[in-house]
Amino acid sequence: MIFRGFRHGVHPPELKDLTAHVRIRRMPFPSEVVIPLRQHTGRPARAIVRPGDRVERGDLVAEADGFLSVPMHASAAGRVRQVRLWPHPDGSYAPAVVIAVDPFSPQAQRPRVIPDWRGLTPAELVNAIRQAGVVGLGGAAFPTHVKLTPPKDVVIDTLLVNGAECEPYLTTDHRSMAEYPERVHLGIRIMMRVLGVSRAIIGVEENKPDAIAALRATLPADLDVRVQPMRVKYPQGAEKMLIKTLLGREVPSGKLPMHVGVVVQNVASVATIAEVFETGLPLIERIVTVTGRGVGRPSNLIVPVGTKVRDLLDACGGLLPEAREIVFGGPMMGNAQADLDAPVIKGTTGVVVLTEEDLKPQASYPCIRCGHCLDACPVFLNPQLLGRLAVKERYDEMEQHHLADCMLCGCCGYTCPSNIPLPQLFALAKAALRKRKAAA
Amino acid sequence: MSQERRLLITASPHLGTRDSTPKIMWHVVLSLVPVAAAAAYFFGASALLVIAGALLGALLTEGAFAGWGTLRDGSAVITGLLLALTLPPGLPVWMAFVGGAFAIGFGKLIFGGLGQNVFNPALLGRAFLQAAFPVALTTWPVPRGSFWQLKGDNLALPFTHPHAVDTVTGATPLGLMKFDHVPTEPWRLVLGTTGGSLGETSGLVILLCGAYLALRNYLNWRIPASIFLTVALLAQVLHALDPRQFPDAVFMLFSGGLMLGSVFMATDLVTSPVTNLGCWVFGAGIGLLVVVIRLWGGLAEGVMYAILLMNALVPFINRATQPKVFGHASPRAAP
Amino acid sequence: MTPKATTPAQDVLRGIWRENPVLVQLLGLCPTLAVTNSVANSLAMSAATFFVLLGSSVLVSSLKRLVPNEVRISTYVLIIATFVTVADMALEALVPAIHKALGAFVALIVVNCIILARQEAFASRHSVGRAALDAVGTGLGFSIAMLLMGTFRELLGNGTLLGHRIFGTAFEPWVIFALPPGGFLMLGIILLFLSWTARRRAEQAKVRPWPEGVAERKAA
Amino acid sequence: MGDLLWILISAMVVNNFTLTLFLGLCPFMGVSSRVATALRLGAADTFVLTLASLSAWFLNRFVLPGAPYLRLISFIIVIASLVQIVEMVIKKVSPTLFRELGIYLPLITTNCAILGLAIFQTNRGYTLLEGLFFAVGAGAGLTLALVLMASIRESTELADLPAVAQGIGLVLIIAGSLSLAFMGFAGLGMAG
Amino acid sequence: MTQPMMHHGGPPPPAAPADVPARRLLVTLAAAGAAAGLLIVVVYGWASPIIERNKARALQAAIQEVLQHPARYDTLYRGGDALTAAPPAGTDLKTAERVYLGYDAEGRAVGYAIAAGEPGFQDVIELIFGYDPATGRLLGMKVLESRETPGLGDKIEKDSAFVRQFRAAVAPLAGVKPDRHAPGDAHQVDMITGATISSRAVIRIINHAVERWGPLLAAHQPGTKP
C-alpha cells in the first residue's frame, strides 16, 4: 500500500552528484583526536582516563552517566594528552578527551571476544549495544539502547529504517546502502529480534536507485523486510514524516514514534549495530560525506570519531579559496563551524563546504505575508505568525500556536523570500521558554 | 589562518530559494509594463501623464518618509503604477499625485511600511481620490483621437478644477448596463476598446501577465480563480433568472476593473490571507461583494470596495483558517 | 489620595489643553466627527454643549449635598436631559437651519460622555465656583476641538469658511472631508500631528529629570 | 418581509452606525483592541439596542403623544433603567464578562448609539417589528465594525509602527479607511 | 490606551448617610423630576409657537416657490376618493395626507403643491413640487430634506439648471443623459452627471406622487376663489 506521503515540504537543489558515486574510503589516522564527552542526546559521559594514560583503539575513555547516556571509546591508540574544554561542533566549548595518536601503532583492536549475537537474549543484545556506545547516526544521536527498550505498555509492530537522506549534498547513507547492503540487513535482523517485531520497511528516496537495487538484491528470504522508494522531498527523512509516508500514521503532537507502534532508526545506525557484532568494536568511527564546491576532493570517508575538521579537510584536498562556510550536517539543519579544530562526532553525518553562490543571500527584508512558509511547513504551523511573535518576544503566544511541534527543519527559512531567519527565531524562542520553565 | 577568518557563521538553513522580495516585486512591475503599454496605446499621452503623476506621488512619499533606500524593493513602484491603472485617463496629474502620496503615506507607511499594512495601498489611494474628487473620478473619456491629444484636463493647475476639454466622454460598459441596461459586445470588452480607467481595458493582456506571475508562484492563483468562479457562477444564475436586468458572466468578468483587480490587486501578498483556504474564502468574498455592489449598489463598479472590504477581513480570515497542525486532532483552537 | 490644590486658572486651563476632553481624553468623539463638516455647525454644537455643561455642572454642584448617592447618576442624567431639551428647543426656535443640519446630535448631547464624566468626576465633588470654572474649561476645550475640525473640514471640503469662499472659484474642493471617512481621517491627522509635536517636545526636553506634572525643583 | 430585511441590511452596512453615522464611537475606540472583548461588547450593544427599540416604541405609542417635550427625558430614563436591570443580570450570569465590560456598561447605557436608535426610529415612524429589525441591524453593524477594528488592531500590534502612529491616531486612520471601504455600500438597493 | 472614563482624582462623592430611607430617594427624584418638568414646560411654552411658526413659514416659502408665487393657497386633505377642505373625521391632523392648492391674484387655481419622499443615494430625499393636473405640467420643485453627497448628490437642490427644468417639464418625467436629450421632448429631464442616482430618485419620486394623486386631482373641481 502506498500512501500519499506527507504534505508540504520543499525541494532544495539536491547537489548530491559531487559524492553520490564516490566509493567510501578510509582516511589516514590524524595526529590527534578529540573525543567530546557529550556527543549524544542525554547526560554527558564521565571521563575515566587521566592525562598521560595510554589507550588502545576501542578502549573505554568515558563511562555512561545514567540510562540516558552512552560510554565513549578511544578511536585511535595513543596517549591521553589532556581532558579539557574544546570547541564543540554545536558552537560551544565542551569537555573532551584529547588523545595524541601514536604514529607507530598498528591501530589494531585489542584481542577481544566477539559475542555471537545469535546466542544472546534481547536484553543481552541491548546491553552489548549500550556498552558499544551506539547512538543514532541520523543526526540527533539519540542513544539507541533507549529506543530498543520501549516501556512495557507500548506495542511496537514495525521497524522503519530511515534511508531517506533528504538533506542536500549528503551521501553517507546512500553509500552505506549501496556498498554494505548485507550489513544493513544484518542490523535489521538483530533489531527485529530485540524488538520482537515481524515487519521492517526501509524507506529510501528514489534518487538513489543503486542503493535500492543493492538492498533489494540482498533481501533476506526469511524476514518480512521491504524496500520502499519514496518521493524526493525535504524533510522526507524526519521521522514523523517518514512514518506518515510509509505507514500513513500520524504521530500525535508531543508523542514519540513508539506511541504509534514504530521504532525509526537510521540506516547507518542499523549498519553500525551489525558492525558491533561483526567486529566487536564499539562505535569509534563513522562514515562522513565531505563535500561542497569549497573543498578540493569531495569524498565519502570512514572517519575516526574525534578527527578535527582541519585534518578531515586536508584528507579531501583542503579548502578552496572560494570556501565561505563550513557546515556540520546538511545545509538545511546543520551548524556552521567557527573553528577548524572542532571534531567530527558520532552524530556528524557530513561536512559541507559552501561557497558564496551556494549560500542564501544575507540581505533580509520585512515579511510580506506571502504565505510561502505556511506552504512549506511540514507540520502545518504558521511560521509567519510565529516569526512576528518571536520578534516581539511574545513567547507564550508562540506556545499557544504550537511552537512545540516545530522540529526546526528549516523549510520555512529556506522558502522565505524576505530571508527572515525563522528557524533561528524559533530555536531562540524554544530556548527562552525552556529556560523560563526551568526557572519556574 | 586568513582562510578561517573569511568563514561565515550563519544560522541554518544555509540554502534558500533564489526568490527574494525585491525580485518578486520587480517581476510584478515588469508584468505591469504590458498593461501600462496597452493603456498608452489606447489613451495616448494622457495615460503616461497620469502614470507619471501617481508614480511620482508614491515614490516621493516613500523616499521622504521611509528613506530613499526602500525604493529599491520596488513595492512603491507597484503601488504607484497600479493606482494609476485604476484612474480615468483624463484625470489631472495633480490628483494622481495626491492619490499616490495618500496611498503610500496613509495606506502603507503609517502601518510601518512594507509588509505591515492592512489595506491595499493603491486601492486605498483610489478610494480616497474617488471620495475627494468624485466628479473627476467618474468622467470617462472614450479611447479615440491622436496619441498627443489629451483625453481630459490632465494639466490642470494643482488644487484647481479640471476644465472641460474637447473630447468625447461616455459611460463605461458597466455604467451603460447599470443605468441604461445597454450591454456591450463581449469582444470589445476582451480587447479593451471601451471607455474606462487606464488598466481596465484589455482583459487578455492582464490575464497573460497574471499567468506568468502565477507560474512563478509570485501570486496565489487561488485568489483570482476563486473570484472568477464566484462572479461567473452568481452572474450566470442571475442572468438566467432575468436576462434584461442582469448581465451574463462574460460581461461581468471582462467589464470594469475585475480583471486588473483580481489579478494584480486582490493578490497583493501583504493584504491577502496567508493560508490557501483563506485565499479561497477571500476570493469568494470579493466575488460576492462585486456582484452585490454592481447589481444592487449605488455605484456602477464595486471591485475596489470589494477588495478593500475583504482586506479588512483578512486578519479574521487568517485566524479562522489556520490549518490542522500535524499530530493534532482538530484545527487549533483560536486562543 | 489627597487632591492637589489647584488654582482657579488651573481649573479652567486643564480642560482646555492638557486634559482636553476630545484630543487627549477621546471623549465626545461622536459629535466631534458627526457635525463638524462646517464651522457654523461646529459653533452651534459647541455653544449648545457649553450651555448644557455649564448649567448641569452648576446645578449638580449646588445640589450635591441634597442628592443621595444611590440616585446620583439618575439625577445627573435628569438634569442634563433637561438642559438638553431646553437647548434643543431653543436652537430649533432661534436657528432652525442649523438645528436641521445638526440633526439628532443636539439631542444626543444628553449622552455625551464628556458631560456625565465632568459631573461624576468634578462637579459632584467641588464647590459651585470651581465646578463652573471646570465646566468653562472643558467646554472651551471641546469647542476648540470642534472648531479645529470644523475649520479644516469646511476649508478643504468646501473651500469656504463660515460660507465665505476662501480659495477662489478655481479651487477644487476635497469632498471627502465633508464625508464620514474624511471626519475620521481629519481627526486622525490632527492626533498624529499632536503626537508628533509632543514627541518632538519630549525629545527636546529630555534633560528634564521629573515626569511632567511634578513641580520643578532646584538642584540640591 | 423584503422591507424588513432591507431595514436590517441598511442599518448594518449602508448606514452603519459607527462608520457612517458616527454613533457609539467612544466604546468603538476604547474597547476595540481585542477581538474577544469586541465581540462581547457587540453582543451587549445589540441586546441593549433591542431593548431601546422596544422602549421607544412603547413610549411613542402610549406615553409621548400627549407630551412630546418629554421625549428625550423619558427615553433616557426608561432605557437607562432597563439597562440597569440587564447589568444586574450580566453580573449574575457572567462575572467575567461583567468584569471586562464593567466600566463600559455605564457607557453603553447612556451611549449615543442607543439613544440615537430610539430617536431615528421615532423620526422614521417605524412600527414595532420594523424597529426590532432596525435595532438588530444596527447592533450587527456595530459588532461588525468593532470586530473588524479589533482584528486589525491585533494584527497591527505585531507591526513595527512608526513612533507617531503608536497612539489613537492610527486607530482613527484605520476607522477612516474602513469608512472609505464601507462607502462601497452607499446607495445599496436604492438605485433603479 | 484611552480610558473613556472619569479618571480624575478628587475627593469621593459626599457620602450620604449610611442608610438613606427609600422615601428620601423617591422624594429627591420626584422633586428633581418635577423641577425639570417645570423648566421644560416653561421653555416649551415659549419655544413651541416659534417652532411651529418657523415650520409653517418654511412650508409656506416652499409652496410659494414651487407654485411660482400664487396669491394664496388652500390646504386640501385626502378624504376617501375626494379632496376635502377639512381633514376627514377621525384622522390625525399631523399625519393626514394633503396637498396645497394655489390661486393666482384673479382667484384662478394655478396648481397643486405635493410633498413626497423616497430613498435617494444616501438616504430618503423629501421634496415638494408644483403640478398642474390640467396640462400635466410641473410648476417647480424644491428639495426639503436630503443627505446626498455634498458637491455631487446635493446638486439636486443646489444646481439651479437642474432645478429649473422642473418648471416646465411634463409628467411623467423621463431622466436622460444631457448628451442624449431629444430636443422638444417636454417629458425629458437632464440628469446630473456623476449624480445619476440622486437625479433619478427625484424624477421617480415625482412620477410616483403624480401617479398617486393624479386621478384625485383631476377629479377635483377647484373653481375660482376671489
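Note that the chains are named A, B, C, D and E in the order they appear, and that numbering of residues resets to 1 at the start of each chain.
The definition used in the following text is that contacts are C-beta pairs under 8 Å (C-beta built on N, C-alpha and C of every residue); 3 or more make two chains touch, one makes a residue touch a chain.
Because the structure is a prediction, the values reported are computed rather than measured.
Any chain touching subunit A that also touches subunit D appears here: B. Both subunit B and subunit D are touched by A, C, E.
Ranked by how close its mean Cα position lies to the mean of all protein Cα atoms, the top chain is B. Chain centres here are Cα averages; for subunit C and subunit E they lie 33 Å apart. In whole angstrom, the spacing between the mean C-alpha positions of subunit B and subunit C is 41. Distance between subunit B and subunit E, defined via averaged C-alpha coordinates, is recorded as 43 Å. A straight line joining the Cα centres of subunit D and subunit E is 28 Å long. Across the assembly, subunit E contributes residues 2-5, 36, 40, 44, 48, 121, 149, 151-152, 197, 200 that each touch 2 or more other chains.
Within subunit B, contacts with two or more other chains are made by residues 106, 110, 113, 116, 128, 131, 134, 298. Each of the following residues of subunit D touches two or more other chains: 26, 29-30, 69, 73, 107, 160, 165, 168, 170, 173, 177, 180, 183, 186-187, 189-191. Annotation, chain-chain contacts: A-B, A-D, B-C, B-D, B-E, C-D, C-E, D-E (touch as defined at the top).
The residues of subunit D lying in touch with subunit E in their complex are 15, 26-27, 29-30, 33, 69-70, 73, 103, 107, 168, 186-187, 189-192. By the touch criterion stated above, subunit C contacts subunit D in their complex at residues 26-30, 33-34, 73-74, 77-78, 81-82, 84-85, 88-89, 104, 107-108, 110-113, 116, 179-185, 187-189, 191-192, 194-196, 199.
Those residues of subunit D that touch subunit B in the complex are listed here as 35, 147-148, 151-152, 154-156, 159-162, 165, 170, 173-174, 177-178, 180-191. Residues 106-107, 109-113, 116, 118-119, 124, 127-128, 131, 178, 289, 292-293, 296-299, 302, 304-306, 308-309, 311-313, 315-316, 319 of subunit B touch subunit D in their complex.
Across the complex, subunit B is touched by residues 6, 12-13, 91, 168, 240, 244, 250-255, 319, 321, 323-327, 331-340, 352, 354, 358-363, 365-372, 374-375, 378-382, 384-385, 397, 400-402, 405, 410-411, 413-419, 421, 423-424, 427 of subunit A.
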